[in-house]
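Structure first, commentary second.
Chains: A, B, C, D and E, in written order; residue numbering restarts at 1 for each.
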Amino acid sequence: MPTGNLSVTTFVIASIIKIAIVLWVLLTAVAYTVWLERKVVGHIQNRWGPTRVGPFGLLQPLADGLKFIFKEDLTPPYVHKFLYILAPMLALSMSLIAICLIPFGNSVNIAGMNIPLQITDTNIALLIILGITSIAVYGVALAGWSSNSKYSLLGGLRASAQMISYEVALGLSLVGVLILCGTFSLHGIVEAQTGTWFGFIPKWNIFKGQFIAFFIYIMAAYAETNRIPFDLPEAETELVAGYHTEYSSMKFAMFFMAEYSNMVTVACLASILFLGGWTGPVFGPPILHALLPIFWFALRVLFFIFVYIWVRGTLPRFRYDQLMSFAWKFLLPLAIANVMITALVVALRS
Amino acid sequence: MLHLALFLIFGVIAVVGAINLIAQTHPINSALSLVVVMGSLAAEYLLLGAEFLGAIQVIVYAGAIMVLFVFTIMLLNAGAEEQTRGSKVAIIIGIPGMVIGSVAVAWALIRAHTGAEVPVGSLYGSAQGIGHLLFRDFLLPFEITSVLILIAIMGAVVLARRES
Amino acid sequence: MVPISYYLVLSAILFACGVLGFLIKRNVITIFMSIELMLNAVNLSFVAFASYWQALSGQVFVFFVMVVAAAEAAVGLAIIIAVFRTRQTLNPDRVNLLKL
Amino acid sequence: MIPSTDYIRLLPELILIVFGLLVMLIEPLLGEHNNRKGLGAIALMGAVLSILASFYQTGYEGAAFFDMIHVDTFSIFFHVLIGLIAAVVILASFEYLNLQQIRYGEYYGLILLSSVGMMLMSSAVELVLIFIALEISSIGTYILAGFRRNAPISIESSMKYFLLGSFATAFFLYGVALMFGATGSTSVYTIATTLAQGATPLAYVGIALMFVGLGFKVASAPFHIWTPDVYEGAPAPVVAFMSTGPKAAAFAVLLRVLFATEAPGWFWLIWASAVLSMTLGNIGALVQNNVKRLLAYSSIAQAGYILVAFAAAKDIGISAVIFYAAAYAAMNVGAFAVASHLANVGEKYVTLDDYAGLGRRAPGLAAVLTIFMLSLIGIPVTGGFLAKFYVFQAAMQSHLTGLVIIGVINSAVAAYYYLRVIVYMYMREPQRDVPVLKMPFALGVSLAACLAATIYLGVLPGRILDYAMASARVLVR
Amino acid sequence: MNTAVIHPFILSLVTFVPLGGGLLLLAFPRRDRDIKVFALVVSILTFILSLHLPVHFVPGQAGFQFEVNAQWITSPNIHYHMGVDGFSMWLVLLTTFLTPLCVMMSWRSVHGPVKEFFILLLILESAMIGVFVSLDLFLFYFFWEATLIPMALLIGVYGHERRIYAAVKFFLYTMIASVFMLAGILWLYAHTGSFDFTVIQHAIQSGSLQLGSASKWLFLGFFIAFAVKVPMFPFHTWLPDAHVEAPTAGSVLLAGVMLKMGTYGMLRFNLGLFPEEAHRNAPWIVALAIIGIIFGALVAMVQPNMKKLIAYSSVSHLGFVVLGIFSFTTAGIVGAEFVMLAHGVSTGALFTLAGMLYDRRHTYEISEFGGLATSMPVYSTFFLVTTLASIGLPLLNGFVGEFLVLSGAFRANHIYGILGATGVIWSACYMLWMYQRVFYGTFRNNANRALVDVNARERATLWPLVAAALIMGVAPLIWTRAIEPAAQAFVSNDNTAAHMLPGTPATRSRAAQASLELHESQVSGQ
C-alpha cells in the first residue's frame, strides 16, 4: 500500500530492492547459521567443526549448496507426486513470506525519500506472521503424508500435532506484549519499548514483566521450528529423518532452508517483541544513525541464534509424551496465568 | 478496476477450490482445496476492509481447523472414498431442496437492493474496532464462548480417548 | 469498485457447493469439510453485508462463527476418530448399525 | 462498568457454569476407588440452585449485558423448565451411569454446561448470542449422545447427530446472515423495528433458512430424519435430556425469532412442517419395534403438534407452545427414564418384546410408563391431554380448521402405537427372560417428579397456563 | 337434616367417590378379599349417594338441576359445570346401580391381578358418571376420553383369547371417532369463547352464533363420535369383538352404560345444539337405525356364541333408541330414554347370566349346552325372565320403551314404525330360540349334567336386576315423570326450529319467546 510521500512507482521499485536485499541477507544468514551451528557444536563437543573449505571453513556453506544442487533429484515411487513436490515449496515460501513482515530498523532517508526498513508494514503484522507460521504446518504435514512412508507419516503427524500444540502457547505468550503495547504492528511494538528507566534500564518488554512470556515464547518457538530439544518430527534415532526422510537434493534443501530461515524469523520476532528490537544507543554521523539500529538488531538476532545452537549442543531430546504434556500442562497454564496477571496489572494501573 | 480484478481472481479461485473439494475423491485433496478456498476468502475479506478477520481466517481456519482435518486424515490413513450409492433420502429430498433453496436465495438477492458499490475498506475492520465491540456490546457472547470451548475440549478428550 | 451483490453471489455459490458436497460425498471427513465450506460462505455474506450496512457487528459475528467452527471441528473430528475406531470405515453408507 | 443486576439476570447460568466446573474439577481429585456418586449430588444441587435463581429473577426483569439478554416471564419460564429437566435427568442418571460404566464427571459437567446454552437460548435477544448458545447446547448433546463408548451404535448416533446438526447450523447461520443483510442488525428487537417498515425478499428467505436450521433442532419434518437413529443409539437418559431440553430451548428461540421480530412469511412453512411432522412422525412410529425409536418418532409428531400452535400465532398460540413444551418435557423425560431403567446393562432390553409382561414383573414401573404413554396419546387427567387440547383450541381460534382436523386425526392414529406399548406391558406374555433391576431411589424420585408434573398439568393447569399467557404477552408486546 | 345443603356437591360426590375409592385401593395391600369388599362398599356407597338425585329431583322444573358451576381454567375458559336433567339423572343411576353388581359378579372370575381390576372398575365408574353429568363440553370430552382407557384395559388384560385385538380395536374406533367431536368442540369454542353447554346452546338458539355451512360438519363430527359409540350400523364391528373378549363385568358396563353414552350424546348434543341439522339428516340416520335393528337381529339369530348373540341384540336394541330420538316426538324420545335404561338392566342381566355359565363351563358356545333347565332350575328361571324382558314382554321393562319408541316412530312416519316393529318380532325369535337350545332338550354334553345352580352371591347379583326389570315394567311412571319434561323441551325447541322458514336469521326458542312476551306485558302493564 503506498504510504507516506512515496509515489506508486518509487514504492514498487523500493520494495523490489528491499526484497532483493532482504532475501540475499536472509539466505546468506541461513547459510552461515548452518556454518555457525557446525562450528559452535563442534567446539562444544571439543571438535573443530568445518575447517577445510576456506579459512575457518567459511566457504563450507557454498560447498554444501553446490552439493545440494548437483545431487540427483530422486522421487520415490508411490508418492503422491503433486503434494510431494508442493510440500517443500510450501514450507520454504511460507518462511520467506514471514520474513517480509519483519522490520529491521526505523525508516531511513535516502535521496529525500523516507523508506521504512521493512518490506511491508501492516497494522496486523503479528497476526499475519502467526497465520503464515500456522500455514507452514502444511509443508511438514503434507511432506510426511505424501511420501508414502511410515517414517515420514509418523514424522509428519508428530510435527503437525506438536506445531499446533505449541502454537497455542506461543500465541498466548504474545498476548502479554500486546496488552502492554496495544498494537499488532511490529513497528509500533518496538516504538513502545523506546526509552529507559533511570537512564540505564531499557524499557524492553522483558523488563516490563514479560520475562515469563519471553521464556514461554522461546520454548514454544524452539518447538515450532522443530529444534532440539523438541525435534521429534525428525528424530533420527526413531524416525530416520522424519517427514523429510524421502526427500533429497534441492527439495531437501528447501526444507533445510525453511527450517533455518524460520529460526531467523523467530529470532527476529523475539528481539522485536521482548528485547526492544533495534533500540539502542545511537550516535555519530548520519550514516551511523541509519546503520546502528540495524546493527543492534542484528546483534540480538545473532544472540538468539547462538542460543539456539548452544541449546542444541547441550540438551537431550524429549520423549513425545513429555513434549505434549509439557505444552498442555505446563506452558499453556503458565501462559494463561501470565496473560491474566499482565491484564490485571495494566487494568489496575490505568 | 484493480479491486474488481482482485475480486474476480480470488473469487474464481474460491469457486474452483470449492468445486474441486467436491470433485476430488481423496480427502486430503479435498482438504487442501478447502484451504485454498479459505485463503482466497481471506483475501476477499481484505478487499472488503476486514483486515482483522482476514488474518484470523488464516490463523483459525486454515491454520488450525484445517490442520486438524489434515491431521485426522493422516491419523486414520483415510484412503480415497468408495463410490457407494448413498442415502436415497438425501438424493430425493436434498437435491430438489437445494435447487429450490438456491432459487429462493437467488431471487432474494436479485430483489434485494444490494447492488450498491462500496469503496474499498470503507468499513475498516481493524483489530481495535472489533475489540471494542467484543469487549463491550458483545461481551457476554465473548465470555460465554469460553463455555463452548470448554465443552468442545472436554468432548474431544472424552470421545477420542482410548478406553483402557 | 465491486457491488456488494457480487460478494453475495459468490457466497451463495460456495454455500450451494457446500450443500452439494454434504449430499453427495461419501466420506465423513469430506462431508464435514463441506459443512465448513458452508460456514465460510456464510462468513463472506456477513462481511459483505457488514460493508453494505457499515456495521462492524457483522464482522464480529464472523469472529464468533470462526470460534464455533473451531469448537465444532474439535468435537467432530474426535467423533469421527471414535467412529473409525469402532467401525474401521469413514463411509457413511457403511456406518449403518442404525438404519436410516 | 456492568451493573450488578446484570449478573443477577445471568445468575442461573452462572450457577450452572460454576457447578459444571466443580463437578469436573472434583472428579480427578477423587481417588481411583472412591465412590463417585457424590458428584451426581453436586450436579443436582447446581441444577436446583439454578432453578431457585430463576425464581429469584422474577424481581429483576429487564435487559442485561448491553441488551444481549432479556429476563422476562418468558425466559424465566424456560429457565425453570430447562433447570427442571436437567435436575430430573441427573437424578435419573445416578444408577444408569454406574450400570453402563460412563464417567461421571464429564457426563454431569456436560449436562450442566449444555443447560447453560439452553437457558441462554431462551433469554437471548441477539442472534449472535442465540447462535453461540445454540451451539453450546448442540455440541454438548452431540458429545453426550456418544457417551456409551463401548457401544458402536452410540458413537454412530453421535456422528449422525453431529453431522446433520452442524449442517442445520450452517443453514441457520445463512438465515441469520440474510436477516442481517435485510435489516442491518442482529438484535431481535432492532430487526423487529426495521421489518416493521417493510420486509425485503431477503428477510423472507432469511426467515425460511433460519427455520430450516431450527427445524432440525426441534426435529420437525422434513428435517427429522436424524431423530430415530440418534435417539436409538444415544444413552437413554441423554435422550430424555436432548429430546426435551434443546427442543424446548429451540422452540423458545423460534418463538423469539418469529414473533418478537414479527417476521413475515413463515406461516405456510410452519403449516406444512406441522402437517408433515405429525403425519410422518405418527406413520413412522406405527411400525417401530424399538421403544427408543418409537419414542423418537413420537417426538417428531409431538413437535408437529407444537408447530400447529405456532401456526395459530399470537398470544394464544404462543402460550399453547409454552404449555405444550412443559407438558411434553414432563411426559417424555419420564418415558425415557423408564426406558433407561429397563434397558439394563449395555441397553440390551429396548424392544417392545422386552416390555412384554412388564405389568406383572414390575407393576409400579409399568403403571408409571402407562401414564406417560396415556399422556402422550392425550388422555384426560394428564398434561398431554390438556396440552394437545390447548394447542388445537388455539389453532381453531385462529380459524385453522384444516390444520386442526389433520391434527386430531393424527393424534387418533398416534393412539395406536402408544397403546401398543401398554398392550405389550399388560397383555402379552414375555418371550424371553428380561431381568428387571430393583428401582433405585433416585430414579424413583425422578419418576415421581415427572408423574407429579404430568398429572398436575393435567388437572390443575391454571397457574401454568396463566404464566404461559403472561409470557406470550411479553413476547408479542 | 336439611339435605338441600348437599345439592351443589352431590354430583361431584357421586362422580368422584368411586375415583377416590380407586385411588385408596392403590394403597391397599394385595389381599384380594379386602380389596373386593372395599370396592363393593365404595360402589354401594356411590349408589346410595346417587339415590339422592331422584329423591330430590323436581320433575316439572325446566333446565338442569343440582347444578354446580365453577371456573376451572381461566384461559381457555373452562368451567367445572355439572348438572342433570331427566335424561342424565337416570343414566347416572343406571351406572351406580350396575357397578356394585359388577363388583359382585367379578368376585371369583377375575383372571389376573385383582387389585388393578377393581381400581379400573371404579375409575371407569367415575368417568362414566362424569360423562353424564358434565355440562361443559371440555369436561364432557375429558370424561368421555377418560372412559376409554379403563375399559380398554379391562378388556385387554382380563379378557379372553383375542382380548388384545378386541381392546385395541375398541380403543381405536372410539378414539378416532371422538377426535371429530373434539374438532367440533374446538370450533364451537373458537366461535363462542365458551365450552359451556348452556351458553353455546343459548348462543345458537338466540342466533348470536351463526353456524352457517359449518353446522353440517359440526353435526357430523359429533354424530360420528356418538354413532361409533352406540354403535350404529356401519360402525358396529368393534362391539361383538369387545363383548366376546371382555370379562363379564366389562361386558355389563360396556353394554349397560357405555353404549348409552353414545345415544345420550346424540340426544344432548346433536339434538340439543343442532336441531335443524338433526331434522335435515334424520332420514338417513333413521334408515341406518332401522337397518341396525333388522341387521342386528338377523345376525344375532345365526350366532353360535351366546355373548356375540347378546352383543348383536344390543345393536338391534340401540337401533330402537336412535329411531326414537330421531322421530322428534315426545313419545319417541321418552321411549328412547326408557329403552336405554331397560336395555341397561336386561342386557346387563343377560351378560351376567352368560358370565355365570362361563365361570362354570368356560365357553359361550350355544351348541355346548342344552338341557340346563334340569340341572340349574333357578338359573333357568332367572334367564327366562331376563330373556322375556329383553324381548319386550308386557309388564317387563323392555315393553314400555319399545312401545313408546314405536308409537313415536309411527307418528313421525308409518314406514319407520312398521319396519321398527319387525325388530321386536325378530328379537323374540332369536332370544327364544337361544333359550330353547340352551335350556331345553337333552344333555348334549355330559359336563352340563353336573352344573351347580346359582349360589347365594350370584342370586344377590341377579335379584336386583330382575327386580328392576319388573318394577320398570310395572311402574314406568316413576321414570317417565322425570324424563318427559326434558323430552318435551327438546321437541318444543325443535318445533320452532323445524317450523322456521329457511333463511330466517334468528331462531328463538319458545322459552325465550315467552320470556320476551312476559317482559313486554310487564312493560305495557306499568
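The definition used in the following text is that a contact is a pair of C-beta atoms (placed from the backbone, for glycine too) under 8 Å apart; a residue touches a chain by one contact, two chains touch by 3 or more.
It should be emphasised that the depicted structure is a prediction, and the values quoted were computed from it without experimental measurement.
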## Note on the structure
Skipping chain B, the chains still linked by touching group as A | C, D, E
### Message
If I average the CA coordinates per chain, which chain comes out farthest from chain B?
### Response
E
### Query
So which chain is farthest from chain D, going by the mean of the CA atoms in each chain?
A
### Query
Which one of the chains is closest to the middle, using the mean of its C-alpha atoms?
D
### Task
Count the C-beta pairs in contact for D-E and for B-C, then report the pair with the higher count.
B-C
## Note on the structure
Chain centres from averaged Cα atoms put chain B and chain C apart, in whole Å, by 6
#### Entry: Averaged-CA centre spacing for the pair chain E and chain C, given as whole angstrom
64
### Rounded Å distance between chain C and chain D, as computed from the means of their C-alpha atoms
26
### Query
So what's the Cα centroid distance for chain A and chain B, whole Å?
29
### Query
For chain C, what residues touch not just one other chain but two or more?
8, 15, 18, 22, 32, 48-49, 52, 55, 57, 60, 64, 68, 71-72, 75, 79-80, 82, 92, 100
### Message
If I count partner chains per residue in chain B, which residues reach a count of at least 2?
### Response
52, 56, 64, 68, 73, 75, 89, 101, 105, 109, 112, 114, 137-138, 141, 145, 148, 151-152, 155, 158-159
#### Entry: Multi-partner residues of chain E (at least 2 other chains)
none
### Every chain pair meeting the contact rule
A-B, B-C, B-D, C-D, D-E
#### Entry: Complex contact set, residues of chain B against chain A
28, 32, 35, 51-52, 55-56, 58-59, 62-64, 67-68, 70-71, 73-75, 77, 126-127
#### Entry: chain B to chain D touching residues, read off their complex
89, 93, 97, 101, 104-105, 107-109, 111-114, 136-141, 144-145, 147-148, 150-152, 154-155, 158-159, 163
### Message
Give the list of chain E residues in touch with chain D in this complex.
### Response
72-76, 113, 116, 138, 141-143, 145-146, 148-149, 152-153, 156-157, 163-164, 167-168, 171-172, 175-176, 178-180, 182-183, 186-187, 189-190
### Message
Under the definition above, what is the set of chain C residues touching chain B in their complex?
### Response
1-10, 12-27, 29-30, 32-34, 36-37, 40, 43-44, 47-52, 54-57, 59-60, 62-64, 66-75, 77-82, 84-85, 90-94, 100
### Task
Write out the stretch or stretches of chain B touching chain C in their complex.
3-4, 7, 11, 14-15, 18-19, 21-22, 27, 30-31, 34, 37-38, 41, 44-45, 47-50, 52-53, 56-57, 60-61, 64-65, 68-69, 72-73, 75-76, 78, 81-87, 89-91, 94-95, 98, 101-102, 105-106, 109, 112, 114-119, 122-123, 125, 129-130, 133-134, 137-138, 141, 145, 148-149, 151-153, 155-160, 162
